[in-house]
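Pasting the structures in now, so scroll down.
What follows is subunit A paired twice: with subunit B in the first complex and subunit C in the second.
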Partner chain A sequence: MLRRLLGLYGLLFFAFIYAPILLVVVYSFNANTVNMMVWDGFTLDWYRQIFGLQTTVTESATYVDSSAQLYAAVRTSLVVAVTTSVLSTVFGTALALAVARYRFRLAGLYRTAMMVPMIMPDIVLGLALLIFFITIGMNLSLLTIIIGQSTFLISYVFVTVSARLAEVDTSVEEASADLGATPAQTFRKVTLPGIAPGILGGWLLAFIISMDDLVITYFIAGTGDTTLPVHIWGMLRRGIKPEINAIATLMLLFTLGVAAIGLYFRSRRQK
Partner chain B sequence: MTLARRKLLQLIGLLGVPSVFLLVFFLCPLVIMLIYSGLTPGLYGGVDWVFSHLNYGRILGWADTRYEKFDPVYLAIFLRSLRLAALTVLASLLISYPAAFWISRMRPARRDFAIFLVTLPFFVSLIVRLFAWVLILRPTGFLNQGLMGLGLTSAPVEFLYTDFAVILGMTYVFIPFMFLPLYGSLEKLDMTQIEASADLGASRLQTFRKVVLPATLPGIIGGSIITFIPALGNFIVPSVLGGAKVLMIGNLIEQQFLSARNWPFGSALAMLVMTAVLVLLVVQLRLARREGMS
Partner chain C sequence: MAAPLEIINACKVFRTPEGGTMTALDGVSLKLASAEFVTLLGPSGCGKTTLLRTISGFETLDDGDVLIDGAAVTQLPAHRRPVNTVFQRYALFGHMSVARNVGYALEIAGRERREIDSRVGEMLDLVGLSGMGQRRISQLSGGQQQRVALARALAGKPKLLLLDEPLSALDKNLRQKMQQELKAIQRELGIGFVFVTHDQEEALTMSDRIAVLAHGRIQQIGAPSMLYQSPANLFTAEFLGESNLLPVTLEGGHARLSDGQGFACAHAPGRATLLLRPEALALTAPEGPALRFSGTLRETYYTGKDHQIALETPGFGMIRALLRTGGTLPEPGSPLTLHAPATGLHLIDEVAP
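The block that comes next holds the complex of A and B.
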């Protein structure tokens, strides 16, 4: 009896997690242009609208100029996410290697300090970066977004790679050195392949978080450099129109795709 | 070159550039913010380099009585943020605990899949997840349509822009933060202890109170802290679901920088949040270390 109740509750729990997201997806196919909450048949018009194809939707149901701005925002987001994730992966991996493989006095401090950027309220970091850039006279641009996001994404990579480094057996590295390999050879042939899954995981995580970051980017983006989350944030402020459902669904597909790639690599590694 | 010297050079090579990057672009901005929190606001934004205690004074009640009376409104907003964050923790705990218990008793293959399902929404864009709740809660939204369809209410209920909406939104967003630590301690729970307790005549409630709850307390505390921290300083959820009616400390900080242009006061508020967060982080690390030792 109690077991049944618990099972029933479990299903409700998953419904709570997934129903809101599913709702957005389902209603992105709603043909009703007047009241987006009332189902009025299936349509692909919102998607056609986004891709600039012929549609029957009325002007009032969409945002002005939305497609062009949307493309620009997607492009900015991708440029920022690729650059930021690569930069944070290189820095985060270097720090993780130093802390895990070398003995030095500050190692403990690094380990604790690297937690701080992750738990910092994003509004504090975003505004601190804003007044910093203004104070030193640096114009807000793509570069400031990349720098700002990297400051906390390094920590995510650090944690992911450190976890992997802790699992890898150091005796293989020692054996490699004993057998006459140079440190560079040992690193390339032994250490790097061992922690590669951790690096890949950290990079994917940094990429996804960068694509999704709203608060920090919102404060330190130049006027012309709107990323996708900031663009959607602006759309929400201008009013809710059915077009958002379709954009949200496409974003959903994209992030789930990236997450699926990550999980695929992880499952291959375990075999 | 000696081995020690080579190792040192390697270490500097690994640490050097990232450390400088973080010192300049992470620590430096925070130090500047800390300094600004003790200065006088400039006439047109920015700061004047004159010390002022008024920024913290305005929050904590030690205001300059010549120009202004102590107005507890800022303290009230901070206290409200603490309250909303605490209620968020409570709601996520009550929602996640039974689910985590259920999943921890599954067969391993199903269990892994269930955990994957719980963490997956974490990768869905935050703004998309919050937008979904706007669709549900707004006056013409699904919840009100449902309620009116059932005849429970004749006019739409104001769900959006209330404390309820903000707590619901934060709970929804932070569920994985609460769930995973809870699951971690529930997974370690020894089923034979529960059976022993039942065999010895304890009621289900007694077993829960005396056996299950103490064993999972570390997970409860860990999950609570990890959820409380991002809830306290949250800015996006109250902006989207609370509107102008439910101000949290995050919104107040944003206003001071972007509309009121009072950098020092905004910095002081930010430092207040930072202090609360750092205290909680230290508590969490201490507890985790103690847990790891025992």
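The block that comes next holds the complex of A and C.
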């Protein structure tokens, strides 16, 4: 009896988490142009619409934006995500190494200070960055998005790499030095291979979070540099139309793809 | 020929997290005259690991000098010192094959592929892992990993090999086998080995010389038999093997125990301590002058080749003895008398507390 109740609870739990996401995917194939909650047959029109192909959908059922605007937003997002994730990975990894391997005063404080940006409310961080950029007279642009996102993405990489570093035995690095390797050689041949899964994980995490960030980017994006989440937010303000489901489904697929690549490399390393 | 290793007045003080200081090395001097097997023996915290790490270059000295093969290396970082270490937990590179682990020092030195391969093969033969070069580290047993660590440390032909409690993680049988192999390898290669351990039996078995360390100082250094038979102080006497330490008073070429028994002894007058090893005691009286200890038998342990017993005496407390099996022992609680020859006894110039 108890087992059944627990089973039911488990079922409900996962339904609660995944049902809304599943609905978005299902709706993205719904042919009903007026009310997307009512199934009206299967269609790929919403996807065709996104890719600028010929559709049977009337103009009132879609957003007036051209596909070109959507593509520009996707491009901006990719440029931002690639740049910020690479920058954050380099700086976050360097910081994690410094805090883990060198004994210095207030090391604990540095560690905590690196965690804070993750728990900081997005609104506050976005506002603070906006005020900062205005104060130093920097025009909002692609550059401000990249700088702004990096400030908190470094923390995510720092935490991921630090966790991995804690598992790498320092005596292995000593062994390398003992056998004649310079600090640079030791880093390249021993330390880096040891923390590579952490670096890869941190990089992918930073990439996905950057692709997804709305609140902070919304504050610090220039008018000409709209990222995909900001663009979608703009669309939503003009009403929820079925096309949005197709965009959401594609984003979901992309994110799952990135995560799958990460998991694949991780499992390969552990063999 | 220059000494393989010379340490002159090494001093090292650590700061504790509480803000205090801890003296790890307090003026240690040590010299390996030839390619000998020297063991640093002592309880944990005695400074033996710190001393080893100052030789390898992982700790810098506050004062003093380290010379390897006649050249001062005191200021050199670890990677520029011609010594290699076998680490306590092996510290093998898990992402490399056995062969790459063993060939690491040569790879770093930029040697040719062919030379590395042949040296790796040689080293694997030496440690008994022939043909296992392509294995992954995770596929090896603890004993095999130990051998890889040894081969890796020897592949670069170090002038001196340092071993930091390398056998402590192995089970007893394997440990004894490795002790013999290590000793054989040291003789075959003809280089100096500095071996750190807290296991006195291990030290006695393997070493040409043992340096007993306590409180950051070398208490005594010498051949195992010398340290065992004539320890210079109470610490060495108690740390190496079992011992009965009995206070004696000396005057005019005669030593007297607290119960009045005496023996001839050419020692300076005053107070000292008599060292009586358990195996010096027997159930039967020897020929010539002897010491007698009567009391109540308290404990007996049978170990196969002998009995370890504890005799409670009125004058000296517990006296421990090691008796050859063969004779019959009375039940615990029975009265018993033990005898020891009163010649060639060793006195320590310290008074037991």
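We take it that the second predicted complex is superposed on the first by the 270 of 271 C-alpha atoms of A that agree within 3 Å, B and C clash if a C-alpha of one lies under 4 Å from a C-alpha of the other, contacts with A are read in each partner's own complex, and residues count from 1 in each chain.
Everything that follows uses one rule, which is that contacts are C-beta pairs under 8 Å (C-beta built on N, C-alpha and C of every residue); 3 or more make two chains touch, one makes a residue touch a chain.
This structure is a prediction, so every number in the text was calculated from the model and none was measured.
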item	value
Greater residue coverage of subunit A in the superposed arrangement, subunit B or subunit C	B
Which of subunit B and subunit C A:F91 touches, first, second, both or neither	first
Touching partner for A:P20 - first (subunit B), second (subunit C), both, neither	first
Touched partner set for A:G180, first subunit B, second subunit C, both or neither	second
Which of subunit B and subunit C A:L256 touches, first, second, both or neither	first
Which superposed partner A:I240 touches (first subunit B, second subunit C, both, neither)	first
Subunit B versus subunit C as contact partner of A:V172, first or second or both or neither	second
Subunit B versus subunit C as contact partner of A:P193, first or second or both or neither	second
Set of subunit A residues, in rising order, touched by both subunit B and subunit C	183
Contact footprint of subunit A on subunit C as seen in their complex	56-58, 77-80, 83-85, 87-89, 91-95, 104-105, 108-109, 152-153, 156
List of subunit A residues in touch with subunit C within their complex	169, 171-172, 174-183, 185-186, 189-190, 193-194
Touching residues (chain side subunit B, partner subunit A) in the complex	6-7, 10-11, 14-15, 17-19, 21-22, 25-26, 28-30, 32-33, 36, 46, 95-96, 98-99, 101-103, 116-118, 120-121, 123-129, 131-136, 138, 140-142, 145, 172, 175, 204, 229-230, 232-236, 240, 250, 253-254, 257, 263, 266-267, 270, 273-274, 277-278, 281, 285
Subunit B-facing residues of subunit A, complex	2, 6-7, 9-10, 13-14, 16-18, 20-21, 23-24, 27, 35, 37, 91-92, 94-95, 97-98, 102, 104, 112, 115-117, 119-125, 127-132, 134-135, 147-148, 150-152, 154, 183, 208, 211-212, 214-215, 219, 229, 232-233, 236, 240, 244, 248, 251-252, 255-256, 258-259, 263
